[in-house]
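Next up is a structure, given as structure tokens.
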């Protein structure tokens, strides 16, 4: 199951680049054309970071997992269905950012997709905890830490979807911040704390 | 062999999203254009579920497998040939659903492809059982259970191919039902039974 | 190295389907349009079989391998470079088969690509044998058997490239025959012999 | 983490072929059209070699690694973000090589991308060394050897980016030389030395 899941994550994350395209007639103004693709780069960055964050979370979950039951396998497949779908809203987002009205539609379809993917990751984890699929030696605090880490982004997405109705570009930047927040925090802080401690011990 | 097979399944399932496309001139009516892509979403859902179901079945087979002989390897390659081909009939199905006459052709090509893929999975399993490639400690009931689980969908596909000649959209929904039936049943029921038992023991 | 190689084989083999396309205006004559894509199906079949055969050979090589040195790693990367390139000549082949003059060019570019890929597989194997990278417990006969199995297809390709100058369609069918010959023989015969022996023992 | 990284490398390297395309109307002059695609082949060759070289380096790093901390995982993800992006500058490079002015822009965007990817690989390695994530039994010389192997290409890229402002085609060939330099040296020399020693012992 892990090899298959890792495969889907890796492919979905790598397919994102196929949607970044320069028009063949860009010719004389290539530098400007390439710069004008910033919505595509933003979409690539946000989706790569989000899929990367979900993969890191998924990785943490399977690390804690002792065994998988049939329902877990199906929930996992449902998560993969949404993750493998993400290149489509990303393309919408990149194509229509900057175009007044469709911009709102595209940004919110994008936000809702990210929300659904993150929710399913949390559902997968909570199911594993409730059904006692996690390793018995995992400390309760560790389990709570992971739950706490997966939860706040959902609130973030909900807020940003509302923001997206009025200021799509703000929501777009917000999605990047949420992804970076998912990728960076807690553990990095742990590392910093750990390194301080190590220095103190010298 | 498993890594390669898992790779092909994972890639075929993730490539499906490349066929969902919004016309670049959708502009002002983006919401309507995105909603109008429902045949693409249906195709994505059915093909993802079907490939997912075949992968779950393939996974169960390789779990029971003690060793693979040369014929098994070739049958497996033949199954992968058909699975890797599925994005093509899916695209046909998504492109022509809703267009009177071609709709029937597209839906039936799609159904026949699903039938062939599912048949090959069953052939792979029956070959493994007949040639005693399965682990000797696998109970006869377990082996029969998997055979029973892989068989009825074939009948379903045959019926739906005939239905597709008259009512393509009914057949389309039918293919989704078969896929969900393949993904969900038996084991979920086992789980529910198991959980009831566990509660009773408390 | 194996995971990476298996990944490249799996992706190259699965990308082949992306080149099978029905024109969006096929509409009323969909069945005829789909049937008219036979060069694409032939290309898919030949390339899938050939990449599958090379993968089976690669698999056999890595099975016999005890360790890999730096040159082996580079030769392997060179083989992957050619295998990952195969979807391009396949597309050429499928696009121009049936079109008088370009047909010959496309078929021969295709044949040369298959020849180069197969040659590199043999070079990889001979290097491994010469540098004693194979497991010491591998019998000399087994090693010769694999060498014999990888060699004759090269002669086949050379003949077919010449044939392709006069009768491209014959060469096209020939490439399929070579691929099936690579996938099927020897071992299947061994199996049949083995099963006869087993029956005789009863 | 390794399976996911290997997957991204394998997919990025295999997607490169999708950008090599012959115009459908090439017809009568197919041989000339195929020959006219040389910038695409050069791009394929350089990017395949570069991604291959980065993968070999990444492979060497994970071989020396005893454990990965959270920062290492994020740095790795950042490297993958750039590697998975490489097909885009490759396409730019292939599309505009030979077209006077845009050629310079495209070649330099390409060179900068290669520089960033190679720099991140070196950063990943230096981080692993500094944080003592490498296996304690790895000799200091080995560690220094890998550092030395990853460093000079950065200087090469910097020089070539400047060259690219005046002579893009020279820079293009230079990128190929750097990739081959990354793939071939040191270890091959080690092997040759090792084989000489082995012969001397006989």
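Going by the order they are written in, the chains are A, B, C and D; count residues from 1 in each one.
In the analysis below, a contact is a pair of C-beta atoms (placed from the backbone, for glycine too) under 8 Å apart; a residue touches a chain by one contact, two chains touch by 3 or more.
These numbers were taken from a predicted model, which means no experiment stands behind them.
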| item | value |
| --- | --- |
| Degree value of the rotation bringing chain B onto chain C, based on Cα positions, nearest 5 | 90 |
| Numbering shared by both copies at the chain D-chain A contact, with half separating same from different | different |
| Chain whose mean Cα position lies farthest from chain D | B |
| Where chain A and chain B are represented by their mean Cα positions, the distance between them in whole Å | 27 |
| Geometric centre distance via CA averages, chain C-chain A, whole Å | 38 |
| Residue numbers of chain B (touch at least two other chains) | 3, 7, 11, 15, 18 |
| Residue numbers on chain C that touch chain D, as the complex places them | 1, 3-4, 7-8, 11-12, 15, 18, 69-71, 73-74, 77, 80-81, 84-88, 91-92, 95-96, 99, 101-102, 105-106, 109 |
| Contact set on chain C toward chain B in their complex | 2-3, 6-7, 9-11, 13-18, 20-22, 24, 26-28, 30-31, 34, 44-45, 48-49, 52, 55-56, 59, 183-184, 187-188, 190-191 |
